[in-house]
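In what comes next, chain A is part of two complexes: it sits with chain B in the first one and with chain C in the second one.
Presenting the complex of A and B:
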C-alpha cells in the first residue's frame, strides 16, 4: 500500500474545525445582518416568493413539517440508513484493514484490488447498485456501507502499521496470543487512528447518502429536497439544505468530541 | 520474514489472484442465469463499441470540460477568499461564519436549490462543481496564510513593505504549499461533484450521464467501462497535478 490515492488524505486534512466557543460575539453580526437583509429583500418584493422565500418562511416550513411529523420521518429515515450502513461498512472496513495490515500475504493478495476500486468515486457506484439492488432500502444502506468501508479500512491499516515494531516484540516476549495481542496492544495503540477513520467515514457517508436519496428514494432528507424542487416549494428545499447541513455539522462535531475524549490519555 | 513476498513478480502474481477469481466467479454466474449480469467478455466488446462510435470520447471530453470550468471558477475564488480572510481580520469575521455555515451542507445537496434558481442544466452543474472546488481552496489558503511565520512578517515590516508587497513577497510564497494542497483537493472534489451532478441532472453528455443511461438500459457492460474510465481519469488527473505541485515547490526543502 505504498501509493496512497488522494481522497483519504484530503478528508483527513480538510478536518479543520470551526470552533463555536472561540467565536467572538461580533462573528454573529454578519450572518444576522445577512438574515435581516434576506428578510428585507423578500418583504420589499425584490425577490418574488417563487424565487426566494424569506427566513421566516423557511422557519415556518420547518415548523409546519415538524408539526405534521414529516420532517421527523425524513430525518429519521435518513439517520437510520446512515446508522445501519455505517455500522456494516465500518466494521467490515476495520476487519479488512486489520487483516491486510497484519498479514503480508493478505496485503499482497488484496491491496491491488482494493487500491484499484478505491480510485472510483463512491457516487459512481450508485447507478450500478441501483441496477442490482433496485432503489429500496438495501441500496441506500449499501451505498452508505461502501462509502464508510474505504476510509475505515485505510485508517485501520495505517493505524496498525504505525504501531512501533518493538511493541510487537514485547508481545512476542510475553508470548501473547493473537487475541491478547489485539486486546492489549493493537486496540489501545490504534484507537486514535481508528476514531479519525470513523469520523471521516461518517461524514463522507452522510454526503453520499444525501446524494443517493436525491437520486432515488421515497423518503429521507435528500428525497425531501428533490420533491420540493419538483413541486417548486422553495421553502422546503431551503429547509432541507439547512437540515442536511446541520446534521452534517453535528455528526462531525460529535465524532470530533469522541475523538478528543478518547485520545486524552495520550497527553496525560 | 517472508523475503520471497518482497519480490515484485511474486507480489504481482499474488495480487492478480483475487481479480482472477472474481472474474471467474463472474463468468460462472453469467453462464448460470440473470440477464443484467453481462459476462466479462461483453465489457471488452462494449469498450470497443463505445470507442468506435465515439460516444466514450464525447462523454469524457464533456465531463472533463465541465470539471475544469467549475474548477477554474471555484478554485481561484476560493484562494482569493482564503487569502483575504487570512490577511484581513474584518473579512474573516464577516465572511468566515457564513462560509463555514454554507460548507456544512453536502455539496450535492445544493443541486435541488440551484436547479430551482437556475434551471436544470449546464449552469447549475457548473455552479455546484465550482462550489465544491471553492471550499477546499478557501480552507487551505486561509490556513496557509494564517500560519505564516511571524518572523517573515517582521522582516517585511523592517523593510517597510506595503500590503501588496507583503502579499506578493511574503504571504503567497509562504502559503504556497497549502494553497496548492487546497487546489489538489479542489481537483478531486470537483471531479467527484462533476460525476455526481451529471448523474443527477442527466442532461446532455458526460460520463455520469452515460452511467445513468446504462442503468436505465440495464447495460452492465457499458456501465463498467464508464466506471473504469472515471476511475482512471481521476487517478491520472491527480497524478499529473501531484507532479506539477512537486515541481512548483521544488525550492521548498520540506517537499521533494
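Presenting the complex of A and C:
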C-alpha cells in the first residue's frame, strides 16, 4: 500500500494548520513587498500604465466593476457553480471512498481505475465534456464535481482505512450493525480526515472552475478575465486575478476554521 | 514573488534591447499561421514574403535576422497585442479591431502597408435551425470570439436591426471550437470569416447573412502594422519590410499567379474551393485584391472602426485614426519598384 502511505503524506502536509494570528506582522510582509515592487515597476515608465497597470488602476477597475454590478454578477455565477458542483462531487466522493475502503472487492475492482483517472488533470477532460454537456451550466458544474470528487474520495478512503483494526473487532464483539458502525465508530473517527478532504476539494475545485471558465463560459470570474485579455483591458485581468485569489484564500481559510473547530470538539 | 521580480526585470531588459537605436539584431513579424504537413505555414502575403526570400537577404546584409512568429487562429489578435505590448514583436499582419484595441490600450501602432481589400464576415446558423434573419436569433446562443475583427461587422448588423448584444446569449469561443459547438447544438449560430462557408459546405451550418449584403466598409480589414517606437527609430528597416510586402503584393496581383495564391492561402486552413468562392463572392478584381495603396476608403474605415468601437464601449480610449496611417513607406517602395500606377488609387470604392 505504498500509494496509501504517499497519499497520507500529502494530506498530512497540506492539512497542517497555518495560523495567521500567530504571525500578525510577518504575514503582511510578502503582500506589501509585492505591492511595492509592482508600484515601483510602474514608476519606471518603461511600459504605459494601460500595459503595466499600477495597483491603483486595478483598485479603480475593481471599484468600477463593483459599482456597475458586473463583478458581483461574475462572482455570483462562479460561486453558484462552485456550490452546486462541490456538493455533488463531495457527496459522490465520500460515498465512493467509503465503498472502496469498506469492501475489498470494490477496492480491487475500482481503485486502479480511480488512481489512474486521479492523475489526469481535470482540464484535460474539458473538450470531451463540452461535446457531451455543451458549454452551459451542466458543463461547469460537472468540472467542479469531478475536481472535488477525487480528493474527497481519497480522503474518505484514507480516513476509514486509518481507523485501527481493533476498533472494528470491538464493533464485532458488540455486534454493531452497519448503520451503528458508521454512526458510532466510523463517523467520529474519520471526521478530521474528511474535513481535510473537503477543504482540499473545495480549493482545488475553485482553481479548476476558474480555469474552465477561461476556456468556455459566458460569465464567471474566469470569463471576466478572458474577456479582459481579449479586449486588452489588463486592469480587468488583474482585478480578476486578485478576486479569484482572494476567494480561494477565503475558502481555504473558512474551511480551516471549520476544521479546527471540529477537531477541538473531538478532543474535548 | 521572486518569479514576478524576474519577469519584471526580464521585461524591462527585453524592451531595452528592442529599442536601443541601431542595436537591432532581429526583426520579428507575427502573423496567423496554420499547421500544414507538420509545419506552421503562413498564408497570404506573409507566405509570399517568406517564399521570395528577398526580405531575409536584405536584412542579412545589415546583420539583422528575420523571424516570422506564428500565431494560431484560435488565439489571434489578443496574442499579437501581448507581443506588441511586451515589445517582443515589431510587425504583424493582422486585423483592424484587435489593432484598435492595442492602440486604445496604450500600445501605439502604425499601418505601414495595407495587405488587402477587406474580408467578408459570415453569420451562420446550425443545421436544422429554422432562423433566416438576425431577428430570428433573439434569445439564442451565438458564438462570437470577442476582440476579433469579425466582432465589429456583427455589432453593426445588430445595431442596424435595432437590437442589442444583450438580446442574444453571446458565447465567447474561438473559431476552432465553433464547429463542434454548432454540431452539438451548444450554440445556435456563429460569427465567422470564410470558415462560415466551409461549415456550410460540410453541412454543419447555413449562412444567413454576410457583409456582402452590407455597405463595402463593413468588411473586416487586415494590414501590416508596425510598432510605433520601432518604426520611428528604424525607418530604414521598416522601409525594407514594407518593400518586401509590396513586392509580394505585386507578385500575388498577377493573374498568372492566381491559382498558386489560392492554393497557398488554402494550405492547412481550408479547401481551395472555399477560398476561391470567398474571393469570388467579394467582387474585387484580382489585380486589386492585395493592393497596398492607402485609399481614401482605408482612412474612412479606420475612422469608423475607432469611433464605433469607442461608442460601443469596446475600447475605452479614443484612437486617432489619422495618426495610425503612415503611407510614406509604401509610397517610397512604389517609387523604388517602379510600380506607381500598377494598382488603382481607389480600389475599394469600385464595389
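Convention: the second predicted complex is superposed on the first by the 221 of 268 C-alpha atoms of A that agree within 3 Å, B and C clash if a C-alpha of one lies under 4 Å from a C-alpha of the other, contacts with A are read in each partner's own complex, and residues count from 1 in each chain.
Note that a contact is a pair of C-beta atoms (placed from the backbone, for glycine too) under 8 Å apart; a residue touches a chain by one contact, two chains touch by 3 or more.
From a predicted model like this one, the values you see are computed outputs, not experimental measurements.
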item	value
First, second, both or neither for A:30, with chain B first and chain C second	both
Touching partner for A:51 - first (chain B), second (chain C), both, neither	both
Touching partner for A:226 - first (chain B), second (chain C), both, neither	both
Which superposed partner A:124 touches (first chain B, second chain C, both, neither)	first
First (chain B), second (chain C), both or neither touched by A:190	neither
Of chain C and chain B, partner touching more chain A residues	B
A:148 touches, of chain B and chain C: first, second, both or neither?	neither
Partner chain in contact with A:207 - chain B first, chain C second, else both or neither	first
First, second, both or neither for A:234, with chain B first and chain C second	both
Touching partner for A:156 - first (chain B), second (chain C), both, neither	neither
Where chain A meets both chain C and chain B, residue numbers	30, 34, 51, 127, 130-132, 226, 229, 232, 234
Complex contacts: residues of chain A adjacent to chain B	5-7, 10, 13-14, 16, 18, 23-24, 26-31, 34, 51, 104-105, 108-113, 116, 119-121, 123-128, 130-132, 206-207, 210-211, 214-215, 222, 225-226, 228-229, 232, 234, 237-238, 240-242, 244-246, 248-249, 252
Residue ranges of chain B touching chain A (in the complex, touch as defined)	1-2, 5, 10-11, 14-19, 22, 36, 93-98, 100-102, 104-113, 115-117, 136, 139-140, 143, 181, 184-185, 188-189, 191-192, 195-196, 199-200, 208, 211-212, 214-215, 218, 220, 223-224, 226-227, 230-232, 234-235, 238
Chain A - residues contacting chain C, complex	30, 33-34, 37-38, 41, 44, 46-51, 127, 130-132, 134-136, 216-218, 223, 226-227, 229-234
Of chain C, residues touching chain A in the complex	1, 4-5, 8, 11-12, 15, 77-78, 81, 85, 101-102, 104-107, 145-148, 169-173, 177, 180-181, 184-187, 314-317
